[in-house]
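Here the chain labels run A, B, C and D in written order, and each chain numbers its own residues starting at 1.
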Amino acid sequence: MEQIYTLQTHSSEIQLALAAVLLPFAAFIINFLLPKTVLNKGEGLFSTVCILFSLICSCLLFAKVWARKPIHEQVLWFQIGTIKIYAGLLLNNLSVLMLPLVSGIALAVHIYSVAYMHDDLMFRRYFRYLSFFCFAMMALVVSDNLLLMYAFWELVGFASYLLIGFWFTREKAVQANKKAFIMNRIGDIGFLIGIMILFAHFHTFDLITLFNYPTNFSSSGNLSGTWLIVAGICFFLGATAKSAQFPLHTWLPDAMEGPTSVSALIHAATMVAAGVFLLARVYPVFNPDVKLIITIVGTFTAFMAATIALTQNDLKKILAYSTISQLGFMVAAMGIGAYASSLFHLATHAFFKCLLFLSAGVIIHEMQHIKEKLHLDIDPQNILYMGGLRKVLPITFITCIIAALALIGFPLTSGYLSKDGILIQAFEWAEGRSFLYQLIPIFILITSWLTAFYISRLLFKVFWGESRLKEMIPTFEYHPSKENKLFTWPMLFLSVFCLFPFFSLNPLLYEHAWLFRGFLAADYFERENIYHTIIPAAVNLITVPVVYLAYARYINQNIKWFPESGFLFRLSYNHWYIDQFYQNYIAKSVVWTGRKIYAFDLFVIDGLVNLIAKVGLIISQISNWLDKYIIDGAVNFIAFRIRDIGSFARGFQTGKVQQYLLTMLIFILSIYIFKILI
Amino acid sequence: MDHLLTLLIFTPLLFGIVLLLLPVSLRNSFKYLALAATIVQLVLSGWLYFHFQTGASFSGINHAEQYQFAEKLSWISLSLGSMGKMQIDYFVGVDGLSIGLLFMSSLVMVVAVLASWEIKTNLKGFFALFLLLDMAVIGVFCALDFFLFYIFYELMLLPLYFLIGMWGGVRREYAAIKFFLYTLFGSVFMLLVMIGLYFSVTDPATGNHTFNIIHMMNPANYVQGSIFSTAHQTLFGFPARSLAFVVLFIAFAIKVPVVPLHTWLPDAHVEAPTAVSIILAGVLLKVGGYGILRVCFSIFPEVATAGAFWLGLLGVISILYGALNALAQTDLKRLIAYSSVSHMGFVLLGIASQTTEGISGAVMQMLSHGFLSAMLFFLVGIIYVRVHDRYIYNFRGLAKLMPAFTVFVMIAFFASLGLPGFSAFIAEAFSLIGAFTSASVNGLLPAWMAVCGSIGILLSAAYFLWTLQRMFFGETRLSGGENWRAALTDLNFREKSALIPLALMALIMGILPSLVFDKINDSVLALVHLFR
Amino acid sequence: MVLTKNNAIQVLIGIEFMINAAVINLVAFGKYDRYHNSGQIFALFAIVLAAAATAVALAIILNVYRRFKTIDPAKIDALKD
Amino acid sequence: MNELPLSITEQLNNILQSILYVVPETALAILFLLVIITGLLLKKDADRFCQLLSLFGLVFVFQRDVQQLYLILSGPKFLFNNMLLLHHVSIVFKLIFEALAFLIVVYVPLDEQLKVHKKGLSDLYAIIIAVVFGLHLMAMSVNLLMIYLSVEMVSIGSFLMVAYRSENRFAVESGLKYVLFGFAASATMLYGMSLLYAFTGQLDLFNGQFLEQLIHLNPVPVSLAILLVLTGIGFKLSFVPMHFWVPDVYEGAATPIVAFLSTLTKIVGFALLANFLTPFIFFSHWTAFDFRLFFSAVAILTMVTGNFAAILQNNLKRMLAYSAIGHTGFGLMALVTFSQQGVSALLFYLLVYALANIGALMLCSFYAGKNSMLTVQDLRGLGKTYPFAGVCFVILLISLTGLPVSAGFNGKVLVFSAVIEVYRQTHNIWLLALLVTGAVTTVVSLFYYFKIPLYLFLKSAENETELPAEKKQTFLLIIIGLLSALVLLIGIYPGFLSDLVR
């Protein structure tokens, strides 16, 4: 990428980019203002049209800017003291790739959800939030400075909060979106601290000046080593929250409470990819040891998510964990330096994962119908009640198969190109290193096999064999429901992208993919070595028996290898107890400290103040008491007025003039004596 | 043109007098009169804000001639026998710091009047005191003569004591007298320091002592050997100047409020009627912050630099302490009160960093918190006026019942937890950035303070979302049953007309912070220059 | 006597003694001040004023007796804190 | 031993010249006689006529005082062979006396309890005039004999006034206490004076030898003598050791009389103390008795006892009594500075305190009506029924506490600045202690002063019974309104008052 950076006034590109970004926002505003009565389903149509146009613009933009000079345009946003803060657009390969990707998937999901949400009474609100999300995501992709990026980063989190909690009357949905937002918030804090560190040293937010694209980040000038690492970790923390990496991943499975179309768009393709996008954007910040941390976290997440996905019964939960594990792949790829293949995988993954979710949506939709018709109390998302759906939903079945193959990384699919790219570069990366480093590629390998296993388990459980409902209701009979056109078309549209031709002509060699070439670092040299051949072969050869194994296990149950019990199963089944750990340790402890501090505040500080008030009163009482009793006692004693003791005057003002006179005399004598002493 | 500020300060007094003369029979006309007063004030301060020139020559922290709309006329000239003349003059002016606060407080006043529709008893007394408070508040922001500043500062206490005391909630006496004693305790010692300063500063023009804050700023005016002259006199063993700084800081810290001295805030807010708690949160907390900037920092800059670490520490403590406390609250208004403590902690942190970003972030936070806390308290008031209950656990699923109300609540909650696109995000981000950069720029605050501050943002997200989820989402189950369900009607026109401007202001300042920053940049630069 | 007696009139007598003591003092030391004799003049005034004050005091004590039926200052303590 | 005796003729000439300078006093004497005669002659409507006469008389005397101001432009004058000293400060004191006496004479018939008095009020006016005459003398006296004479005159007058309502148990009891305490105090003073005379052979304070003699003696007996004299003056001022009579007498006596006692006799006490101390202060090497130390300690004690004890009081008048003691402490603080600025601050502070105090007492009698005992609880909820009176009460209390915008605040500021000014020169630790006590007691005073509006406005009356509407002392309300307006006005523009006072 030897393009030199020049500031030309590419007015046409800028207008295209602005149009692409602002169209969904226009949709959001107009939906908001449009009175209810115009067209009862008008909003859906309107925002779909807008997203369509924005797709067209981004494709045109893609054509104009891909592999050419990045365009940067900015305008003064505001000035603090002497520092000027600019806001603008940065269109380089990365952003230009992401634009069509996001709008393409968004279009598919829009069409899909017109049908999917058809009978939902809050239809208008759904499309408002959806177009708001698209606007935020697109803006995030093109923004040119860290502050603006952070702003849209949080807005994306906010949009996902709205969409997860869309059916806000459902208690679980509301819990989920609160959790999601707070988890993202933790990530945002990391992101903010990262920005602060960079700002502290360079006094600017602009990505250009910071990382002076496209040459790599050499200006780590006065940013001392330790601060660089801390900044790197903070940015990575931001990415982990958004892309649901290991410590902060528990919100994604719960986010499945939202409508499936939402999960398809947000929790499969776009938002979760934002984390990886951030890593790509600020890639120069990471120095080698931070990259190592990223790799470790990435691989571990991938492996962990894959193991959990093995035993889940909820259809969407499995897909959620598979997303986490695929994201783990991408993050690991970023860590080992395979920048280009990680983004390649991001693009391909977006398509087939969205496709998987959409098909899952159709299945759940179908199960919902059955449930209502026969008013069974089964959970429509639980795969244990499904089975034999291939006859009922043929097209979904085909698209699902394609997507699954892409996910496994079966040759001829786009997944193969991107996943194997990562695998090969992982092995190259680990080649010279000590034994520990070798673990990384091995783990990645194991994870890809596990992926193959759980996705095939899903397929066989859902599509093959007889419907489990039969055991419950013998008379149950599927009757083929006409698959709604609005479902099938987007799915087919997406499945096209899952196959290899779109990305590269030669199905086997990932280097030839145009997308891969777009991101290659200038000094990338073709390293022909044995890995190129062994790894892909090994992976595919082993996936075949794994798939067969899953087939054998679940369809004709002749292999009892995978007991439904045992420690491992339980560990994996309840998400490695991480969620419970978070729930009853961290969440509870924070609230507990809150309560304790409040109690402290109430009794100690407030108490202290009341204490001071009381002390004030007590002092006055003591001074009063002192006046009354000490002197009064002496008087009686001297005057032998025994019977007076009975009538102790309440106040010093005993009313007896003589006592006043006496106290006066005593006072004068005391002064007199005092005078003598000095 | 030049008497605008005096007009701005005394319009409420005028309207108040007119109101007092009206017979009690015109009861319901009082609130419209008060509304008219505050709207006139809003127009005036808007005009002032618009005509406020910016540019290097208008920074105006320690240059008297750079203050805009300044007016100076001699008010009291007591001749004290041997001691020469005690010269106090009515010196009023506006610079970068106070112009924003002026506009914000007049807008908050309009909203407060709109919120006081619910007051039913003794309207005449209420609105008279309200307008008196309004005058005092505006006066504090414009006063540049320490004596005038002190008079307006004390004048605020009296109406508030009665407003909380007579129209407040159940424990109103306790809250009112606690509030009064707290602030008075701070201000009595401030009086002593003020007189001490008076005796150590001479006005270059007239030669005799002066209360003029600007003269107090440059050391040239200090009489040799006077208590607070820079030749570090000692008082009880401590250097006099730092003792004065601490005393002044305590007086304003009570107002801000900074943690150890904050216990009056929750009581005062919970017991005060909605209109009063809007002013209390929206404007009075800013007086503390503004006071620290105008009085403590400008008159004793070198002491401020020396003590910056402790100020920063106090700021961080109040952020975390306020947020953690808010987590444990069950009464909605008390929760918002503690959240104000936490948000004002950012202001202190930003100010303590003494960097341009930090201080402008702090001033921005004061403005944005003004709008947002006014909005929050107004919203709580709306519930309270309908069902007279603020206990969070009694409400569930209000979103279904009051959709428009929930939209505004969500805007307010998300704005105050710092969602980008709203002003609080810019303010808190830049206060933290200021605090962070201060480690490298002037080495005052260590970096970990900004990190702890950012945890505050996280906690604020936690308690706001918890409340949102607890009260608004889920199935509607009200502890008050059917009659509550009937009572909880959605927003009427008046309430909407009060909330919309606040939401809009927060949004506009979030998207176009240049509106605020252009005005305050020069003054902040001058202030930072003062510290070097 | 002023402090111990429980009869107001005896208290007055006590006070009178004090005044007489002062008068004697004045007159005694008047010896040295031949010319002005201010001491003696002072003594005269003192006596006159003491008489006037006693008259008023007795009137008030009469009133007290009419109201309280006793003139023991210790008893008359209706006004107390 | 002292210079040749002045021949009789010279003494006579001296007296004749002095007469010129005592015109206001002579006018007062004549007025006193006139009031007594009218009291006797016109039986039935004597009260009204006497009141009018005394009012005119006071105005006339006031006008005479103002003239005197120009007389002494050339400097203070010794009158009647160094018996009296006419100087600027004493004239200002006299002006204050006239003004306050005028106010009290106007206030006397308006008080419920006094109006119903069967003996009529004409005698009371006469006594008041007599006491004012005594005050004049006291403000000017510099000779021990003169001091004793004027103190006795004022005391006897006030004994009579306190015990004026002979039919009321409380009044009579307070009268008795006041008499016994007062008479004993003046006896001690007399004894102290006789000792002083014994030591110096002089009665005239300002005479050179007076101090010379005292220096050579052993300090202990000298300080005893001075102490005894101070008790007499202390009785008038009622600072700490001599403050015990104040609460009982203030509670028992009729409210206008209390107003008189709490303001006029207190102010004249300060005047007398100032005159008494001037020779000692300006006498350079006076070591026997450190007045500043003594008075600072006394001032702190007075402020603390006054304010802290007031917290527990329920009875309104008793609380005002304790607050009066507190204010005396504050006045002492101003006096302790012994500087010209201190004295003028003291004058300003006393005048402002007097106005606010009289206003507060008027309001007490307004609310008390027939029953003399008025506790704070009785005020419950009255704020709403009588808003005007309530607001005036708040304004007056603000002035008494010393919150800004009120005259009291300016008074306190002046006193504080005077003390700080002197502290700056002498760095005496006691002055600092005074400053801090002043500040703390102001905060404490807020607490009990604001108990009144607390009950007036914040508490709602349980029994919503409307108070008898006939309580129509509009005239009294007008005066109270005038007073609070005056207090506010001085608060905003202290200028014109301070020029007068300087």
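Simple rule for what comes next: contacts are C-beta pairs under 8 Å (C-beta built on N, C-alpha and C of every residue); 3 or more make two chains touch, one makes a residue touch a chain.
Owing to the predicted nature of the structure, the values given are computational and were not obtained by experimental measurement.
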Chain nearest the overall C-alpha centroid of the shown protein atoms: B
Which chain pair is joined by more contacting C-beta pairs, A-C or B-D? B-D
Express in whole angstrom the distance between the two chain centres, defined as the mean CA positions of chain B and chain D. 44
Rounded to the nearest whole Å, what is the centre-to-centre distance of chain B and chain C, using the mean of the C-alpha atoms as each centre? 65
From the mean C-alpha coordinate of chain A to that of chain C, what's the distance rounded to whole Å? 97
Calculate how many whole Å lie between the centre of chain C and the centre of chain D, each centre taken as the average of the chain's C-alpha atoms. 24
Where in chain A do residues touch two or more of the other chains? 652-653, 655, 657-658, 661
Expected list for chain B, residues touching two or more other chains, is 181
Residues of chain C that touch at least two other chains are 2, 11, 73, 76, 78-81
List of chain D residues in touch with chain A within their complex: 173, 176-177, 180-181, 184-185, 219-220, 223-224, 227-228, 231, 240-242, 244-245, 247-248, 289, 294, 304-305, 308-309, 311-312, 444, 447
Seen from chain D, its contact residues with chain B in the complex are 339-341, 344-345, 384, 387, 398, 403-405, 413-414, 416-418, 420-421, 424, 432, 435, 439, 442-443, 446-447, 450, 453-454, 457-459, 493-495, 498-499, 502
Interface with chain D, chain B side, in the complex: residues 76-83, 86, 122, 125, 150-151, 154-155, 157-158, 161-162, 165-166, 172-173, 176-177, 180-181, 184-185, 188-189, 191-192, 195-196, 198-199, 226-227, 236
Touching chain C in the complex, chain D uses residues 1-2, 4-5, 144-145, 148-149, 152, 155-156, 159-160, 163, 166, 169-170, 172-177, 179-180, 183-184, 186-188, 190-191, 193-195, 197-198, 201-203, 247-248, 251-252, 313, 318
Which of the residues in chain C come into contact with chain D in the complex? 2, 8, 11-12, 15, 18-19, 21-23, 25-26, 28-29, 32-36, 38-39, 41-42, 45-46, 49, 52-53, 56-57, 59-61, 63-64, 66-68, 73, 76, 78-81
